[in-house]
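Look at the two complexes coming up: chain A is in both, with chain B in one and chain C in the other.
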Partner chain A sequence: MRPRLLSRMSGALLVLFLGLFFVPMELPGLDSGTAFAAEAVAADAVVEVSPYQPAPNLVEKDYPTFLGFNGRIFVWIAAQLHLWFAAFVLAVPIFVFIIEAIGMKTRDKRYDNMAYEFIKVSLTAYSLTAIVGGLMTLGLLVFYPHVMAYMTSIFKETMIFYALLFFAESACLYIYYYGWHWLQGPFRKWVHLTIGLLLNAVGTVLMLLANSWLTFMMSPAGVDSAGVFNGQVWDAMHNFLWNPINLHRFVANIAYGGSIIGAYAAYKFLSARTPQEKAHYDWMGYNANFVAIAGLLPLPFAGYYLVAEIYAYSQQMGITLMGGIFAWLFIIQAVLIGTLFLSANYYLWCGLGRSEGGIRYYKYMKYLGFALVAAFLVWFTPHTLVLSNEELKALGGPYHKYLGPLGIMPAKNTAVNIMILMTYLSFLYYRRANKIATVNWVKAGNTAQIALFTMAIANIFFLGIYHGYFTNTVYKVAASIPQVLTTLTVIVMSTVIDSMIYKNSTEVAPQRWGRVPPRSQYALFLLAVSFTWLMGLMGYIRSGIRQHWHVVDVFRDNSPDAFTPSLGYATNVISVATIMFMAMVIFVFWLAQISGQKTDAAGFWKE
Partner chain B sequence: MKQFLAVIGFSLLTIAGFAGFSNYGIPRIEPAPPPVQEKIDLSAMTMDQFISLGERVLNGKGTCKLCHNELGRAPLLEQIIPNTEKRLADAKYKGEAHDLEGYILESMVNPSAYVVAGFGKSGSNDTVSPMPDVSGGSIGLTEPELLAVIAYLQDSGGAEVTVEIPTDAGDAAAEEVTAEEREPLEDPLEIAAEFGCGACHIIGEDEGDIGPDLTKIGATRDRDYLRRAILYPNAEIAEGFEADIMPDDLGDTMFAVEVERLAEYLASLK
Partner chain C sequence: MKIPRLLQAILVLAGVYGGFVLVFDVILEQVIPSSLLNMYMFFVVAGTYMVFTFNEESTEEIVAPIKALVEDPSKKMMRNVVFLVVPLFFGWFTFQQMKPSFEAPLELRTIHPAPPSAVKVYGKRYNLLTLENPFRKFEKEDPEKFAELVRQGGAVYIKNCQYCHGDKLDGKGPYAQGLNPVPLNFQDIGTIAQLQEAYLFWRITTGGPGLPKEATPWLSAMPVWENFLSEDEVWKVILFLYDYTGYSPRSWEHE
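And now, the complex of A and B:
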C-alpha cells in the first residue's frame, strides 16, 4: 500500500514540475506583471531620464588586441564549440528522460540501460560545455569589453540567474547520473524520473536565457534608438526574435543530440566483438537515428517560421538573409540538408535487412531515392541572389536563365514537403517490414493510405505551382502553411491508420538486431558530421546578418573585423571548428569507453 | 585501430567535401565592406552632381532598390510622381505634406503616413508600412542625402527639381563624391573619349578590339541595356569577350547626364 501511495505522490510531484515547466517564469526582475507595470507607471510619472547609458560609439582602438590573436575568430570558434556541446547536453537529457519513462512503463530493462549509457556519454560533454563557455566569456571580456559592459548593464539580473541555474543543473545532472542505480524500484524510479524532468526544465530555462541575449543583439527591444535601456529587462528578453529562435533551437537540439548519439552507437557497433554487442549498439543506433529524424522532420518548418519572423521584424534584414550574399549560403545549406535526409533514409533502407519481411519492400526504395534526389535538386536551385548593385555586378546577374523558376520559395517549399513525406514513407516501410497484419480490413486501410499520400502530393504540388507562378510575389510564401498542414495531416492520419492496421499483428520472423551492413553505420557518421557542420554554418549566418552592428541599429561595430567575411573564408573557419569539436567528441566517447574497462593488475598491489 | 582511422578519415573527407563545395562550388564573392561616412563639401556641388549623389544613395546606401523593384515587395518609385496628388487627397493619408517634395521626404522618414494598398505590414490592413525610417537605424541617411534622393526622384520622373542644395551642411556626412569637379560634357563622342572607351571598343575614330564593336550596337541593344552595360559592365558579358576587363566604376566618375547621353547615342547607332 505504502509504495503505491508514494508512487502517486511522486506522480503528482512530476505533474507539478511539468506544470512549472510550462508556466511563465515568476522570477523577480524578469516578470512583466503587476510589479513591473507599477514600476513602469511610477517611472513614467517621476523619472524622465534613464539611468542607463546609450550604446557607446566605439572606435578601432576601443577593441583590445592580445598576443596577435584575432578576437573575432577566437570568440567565433569558442562560441560555436560552446553551442555544439550545449545543444548536445541539453538534448540528450530530453530523450534520456523519454527513454527512461518508456522503460519504466514497459518494464523493459533494455531501455533503462540505453538511457543510462546515453547520459554517461553526456556527462563528460557537460564539463566541456562549461570549459568552452568559459573560454567564450573570456574572449568576449578580452576582445569586446565595451560590448560586454553594455550587454551586462541590460541583462545583469538574467546573468546572475543564469549562473545560479547552472549550479542547479549541475546538481540535477550529478544526482541523475550517479543516483541511477541507487534510485531503482517502484518509488525510487519515480523520484529519479522527477530529477530527470527537473534537469530538463533547468537546462531549457538556461537556453532561453542565453537565447534572449543573442536575439536582443538581432532585434533589440526595451531600448531607444540610441541604445538607452528603459529598465524593463523582460522587454529586452522578450524581443521579436526570441521565441522563433527558442523553438528552432529546441527542435534542432533534439535532432542534433540524436545524431551524435547515433555516431557513438555506430562506432561501438563497428568495434563490437560479439553478436550481442553488435545487436545492442545496432538497436541503440536505430533509436538514436529515430530521435534525429523525429527532430529533423519539423525542423524546416521551425526554420521557415524563424525566417518569416525575421522578415516581419525587418524586411531589410530578411532580404540580407535570403536575397543577398547569404543567399548562396542557403545553397550550401541545401546540400547539407539533402545529405541529412539522404543519409537518414539510407540508414532506414539498410535496416530493412534486419527482418526477413523487409526484403519485400526493397523494390520500392529506388523510387523513394529518386524522389528524394529530385526534391533535393529543386531545393538546391538558386534564384534571386541580389543584395546591392555591387553584389549584382559580382554575381553576374540575379537569375539563372533556365533554372531560375525552380529557385523560388514555393518550389523549395514543395520540395521540402516532398522530402519529408518520402522520409516518413521510408519509416513507414521500415515499421511494417517485420509485421503481418491480422485485421480483416488491411486492403481498405492500405488503399486509404495510398489515397492519402496521392491527394497530399497533388495538393502540395498544386499549392506550390499556383502560388509560385500565378500569384503576386508577395503572396508566394502563402503556399507554405497549407503545404505544411497537408504534410502534417498525412503523417498524423497515416500513423493512426497504420497503428490500427498493425494492432495485434504477428512477426514475420524474430527481428535480428545487428544484421545490418557496416556501410549503414557510415550513414550515421555522415548524419552527425553534416549536422555539426550545418549548425556551424547556420551560426555564422545568424550572427552575420547583423552585419556591422553589435546590436542591430543601436550599437555599431567599429572593430577592424566589422566586415562580413566571404563564404569561403567563413566555411573554412567552420570546418576547423568542426574538426576541433569532433576531436573533443572522440575524447568524450573514449572516456565513456574506458570508464567501463578494468585492467587486471595482479602483482602490482600488496596482497 | 583500423576502424577508428577509417571513421576519422571518413569524417575528415566529409568536412573537406563541404568546405570544398563552399570554396569552389559557388561563386567566390567578397561581401561589400561596411558603409563609410565621409564629409563632402556641398557648397561646391552643382545640381547635376547633387542629383547624381541622390541616385547613388538610392541604389547604394539607401538600399531602396532592395524592395522597390520589379519583384513587387514595395511600390515602384516611378509611381510616386503621377500618384502624389491622389495620395495626398486620400482619406487614408495621415501625414502633413502638401507637395511632391514634402511627400517624398515624408515617405522616407515616416513611411506609415500613407501606405499604398497591398503593401502594408501583414495584418495591419495597410495602415502600417514595413519600411523603416531611412534617416535612422542601419540606413541612417543624412539630411543632404535625403534631399539628394528627392532631387533624383524629381529629376528622373520628369518633375521640376524643387529642392535646394543645403549650404549650411558643413558637418553633414554623405557618401564620397568621386565625380571630378567639372562641367558635364555635351558631346557623346567627347564623353567616350574622356573615359577612354575607344581603347577597347570601335567607336568614333577609335578602333579598340578588346571589347565589342559599337558602330552598330543600337541595332541589337536598347538604351536601357546600354545604360546598364556602362554602369555594370559585368552584369552580362557579350559572347566571346571576357569579364572584369571594363572598369566598373564609371557610375562613380561620370555624371548621370553623361551616362544618359552616351547610352542614347549608342542606342542610335544602327
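And now, the complex of A and C:
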C-alpha cells in the first residue's frame, strides 16, 4: 500500500516541480535588460508630477548608535534568523497539506498522524518567527530609521496588508492545528483541508510581499534615478528580480522544511526507547528526507534562473556575484550543495538495509558513489585557482589549462544534472529494494530504463560540452534548459516505467522500519545543518551584492558599516547565526518532546 | 586472497591521490594546485567513507581491525607503536604547516573585476548596461567591411597589445613573464568568451588605474588606453579579439 502512496506523493510533487519549472518561462522580466530599461523609462516619464521625495543622502550621524551595538550585525543576524524560521514555517504547511490529502484519499491514518506531528513541530517555530521578525523590525527602526522611512513611503500599503495577513495566517494556523482532531470525518476533513489550503495561500502571499521589498532594494523599479517614487506600488513590487526570488525561495523553503523535519525525526529516532518508536521515527525521517530531496532536485535550476536574471539585470552585479569578491563564497556554496547531495544519497543507501531485498543492490552503490563524487569535484572546481608562487610559475597564469574549463557554468550545469540523476537512481534502487516484479516484461522494462539513462547522460554531456564551449554565450546559457528537461524527462519516464514494472509486485521480506544504522540519522542532521548554513551564506551574498547601496544605484549606504565584509568576517557572522538557530531549533524539538510527556505526581494533588 | 576492507579503502584513497598527481603533474604537465588537490581529496575521503560504511557488514569489517588494535591484548606492541607514531605524524604535519617560510601567502585573488554601471572616458559618459560595439552590426550587414575593421583592429593589437597579451592572444607576450598578475589569456574559455563587449571597452579604456576599489590591490600594469587609442580603435581591437579567438561576445539575443 505504502509504495503506491509514495508514488502518488512523488507524482504530486513532480507536477508541482514541473509547474515550477514552466511557470517562470511565462514570467515577465525574462527578456533580460529590456524589461528593466522599459521600466526605467516609464519611471522617468512620471518624475516631474510625483509628490514623493527623492532618496535621502545620508551622512554618518544619520545612523543612530545604541549601547555599543553594531547595528548591521544586529539586523543581519535577526533578519537571518527570521528568514530561517519563516522558511520553515511556510514550508511545513505545504507538505503537511499534501500528506494530509494523501491520508484522506487513502484513508490511511498514519499519514494523518504524521502530518499532525509535522505541524506540531512547526507551531512553536511559528511564534519564534514572529519574535525574531519583531527583533529585526526593531533593529531596522533603531539603527536604520531613514532607510525604513524611505521604504515605508513606497511600500506602506503592502506593509499594512502584510500585518493584516499575519492575523489571517495566525487564525488559519491555529484553527488548522487545534482543530485537527475536531475536524475529522467525511465532511469535516474537507473543511480542515480547505483551511490548510488557505493557510498556505496566505503564507505564500506573505512571502511574496516581503520578497518584493528586498528585491526592490536590489533591482529598484517604479522610482527614477534619484529614487523619486512614481506612486504605483505595483511597479515597485513587480521589479526585475521579484519573480526569480519568489520561485527560488518557494522551492528552497520546501527542501529546507523537509530537512528540518528530517532532523527532528533523527533526534527522536536516536532518543527512542522502544522498537515501535524507532520504526515510527525512521519512517518519518524517510518521508521528510523524501520531501527534502524532492525540493532539492529542482533547486539548482531555480538558483541558476535567479543568477542568470541577476546577470541579465546588471552585468556588474553578476560579475561581483560569480566572478568577483563573492566568487569564493560560491565555492563554499558549491561544497555545501554537494554535501547535501552526498548526505541525501548516503541516507538512501543506508535505508537499503531495511529490507533483505536491498542487499542485492549493494554492489551498485560504489558506481553511484564514484559518479556522484566525480560530478561533485567538477561542481566545485574554481575557475581562478588559489596558487602558491611556485605553482603560478609552473602554470604560467592563474588559470589551469585542463581544470580551468571546469570552472565555468557549462561544466557546473553538466555536473549538477549528473548529480541529480544519480540521486534519482539511488532513490530508484531504494524503491525497488524490497520488491519482486511479477510482470513478464521486466527485462524489456529494465533495458528501456538503462537506454533512457544512457541517452540522457550522453545528451547532457553533449549539450554541456558542445554548447557550453563551442558556441555563443546566449546558447551556453540556453543549453542549460534542454539539459534540465533531459533530466526531468528521465525522472518522469523512469518513474512511470518503474511503477508499471512493479505494479502488483510481491515483497522480498517485510520492510523493517527502524533497522537503519545511527550513522544514517547523522546524515539527516548534516542535511539540516548544511542547508541552514548554506541559506545563511547565500542570503548574505544576495544581500551583499548591493554593496554600498541600501537601494542599488538609488539610495546610498553611508553608514560606517557600508563596507563589504571579508570572507572570514561574513562566514563568522553566519556561522554564529547558524549556531544560534540550531540551538533554538533544538529547543523547539525539546518542546515538542515534553509536550507529549506526563509526570505522575501522585500524592501532590488532593484526592 | 581477499583484501581486507580497511586496506581496500586506504588503497582507493592512495590510488586516487596518486592518479591525480600522475595525470596532471606527469602526463599532462600542468600541476594540480595543492589547494585544489586538498579539496578534492577531502571529498574523495567522504565518498569513500559513504561507499564503505553504508551497510552494517562492511562497516563492521572496516571497524574490526581498528577495534582489535585498541582492545586486543595480543596487539599491545602494535598499539603502542601506532599510538606513538600517529600523534608524532600529526605533530610533524602541523609543524610543517605552521613553520615560517619565505613563500608569499596564498592569495584568493579576484580576477574578475566587476564593472561599474557607467564609465566616463573620451569626455563622455557611457552606460555599460546598454553600450554596444558600433561596428558589430557590420558582421551581418556588410561582411567585407567587417573583415576590414577586424584587420584594422588586428593592426592596432599588434602595435599595442601583443607585447603583453601575446601574438596568439594567449597572454604569453614577450613582456608577460615580468608581470604579476600575468596578462590575461584571451584564448581561455573563461575570459572574453564570458563577457559583453561593453566590459572589454571599460577594461581597455581605463586600464589598471580604472579597476574598482574593491578587492584591491590589483597591481595591474594595463595602461589607460583612452590616452593612446581612439574610441574607434578600441572597438576595432575588440572585434579583432573575438574574431581571432573564435569566441562570440556575451549577449542576450540569439543570432
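Everything that follows uses one rule, which is that the second predicted complex is superposed on the first by the 537 of 607 C-alpha atoms of A that agree within 3 Å, B and C clash if a C-alpha of one lies under 4 Å from a C-alpha of the other, contacts with A are read in each partner's own complex, and residues count from 1 in each chain.
As a convention for this text, contacts are C-beta pairs under 8 Å (C-beta built on N, C-alpha and C of every residue); 3 or more make two chains touch, one makes a residue touch a chain.
Remember, predicted model here, so these are calculated numbers, not experimental data.
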Can A:312 be said to touch chain B (first), chain C (second), both, or neither?
both
Where does A:533 make contact in the superposed view: on chain B (first), on chain C (second), on both, or on neither?
first
Could you say whether A:561 touches chain B, chain C, both of them, or neither, answering first, second, both or neither?
neither
Quick check on the superposed pair: does A:328 touch chain B, chain C, both, or neither? Answer first, second, both or neither.
both
Touching A:157, do we find chain B (first), chain C (second), both, or neither?
neither
Name the contact category of A:579: first (chain B only), second (chain C only), both, or neither.
first
Check the residue A:225 against both partner chains and state whether it touches chain B (first), chain C (second), both, or neither.
first
Please work out whether A:370 is in contact with chain B alone, chain C alone, both, or neither, and reply first, second, both or neither.
second
More chain A residues in contact [chain B versus chain C]:
C
Would you check which partner chain A:349 touches, where first means chain B only, second means chain C only, and both and neither mean what they say?
second
Which residues form the common part of the chain A surface touched by chain B and by chain C?
312, 314-316, 319, 323, 325, 328, 335, 384, 387-392, 394-397, 472-474, 547, 553, 564, 567
Contacts from chain C onto chain A in the complex sit at residues 24, 28, 30-36, 39-40, 43-44, 46-48, 50-51, 53-56, 59, 103-104, 106-117, 128-130, 171-172, 180-182, 185, 188-190, 193-194, 196, 198-199, 214-215, 248-255
The answer for chain B against chain A in the complex is residues 3-4, 7-8, 10-12, 14-16, 18-19, 21-23, 26-35, 59-60, 63, 65-67, 71-73, 118-119, 121-122, 130-132, 136-139, 231-237, 243, 248
Residues of chain A defined as touching chain C within the complex
31-33, 37, 312, 314-317, 319-320, 322-325, 327-328, 335, 338, 342, 345-346, 349-350, 352-353, 359, 362, 365-366, 369-370, 372-373, 376-377, 380-392, 394-405, 407-408, 469, 471-475, 478, 517, 519, 547, 553, 564, 567
Taking the complex as given, what residues does chain A use to touch chain B?
225, 267, 270-271, 312, 314-316, 319, 323, 325, 328, 331-332, 335-336, 384, 387-397, 472-474, 522, 525-526, 529-530, 533, 547-549, 552-553, 557, 562-568, 571-572, 574-575, 578-579, 582, 586
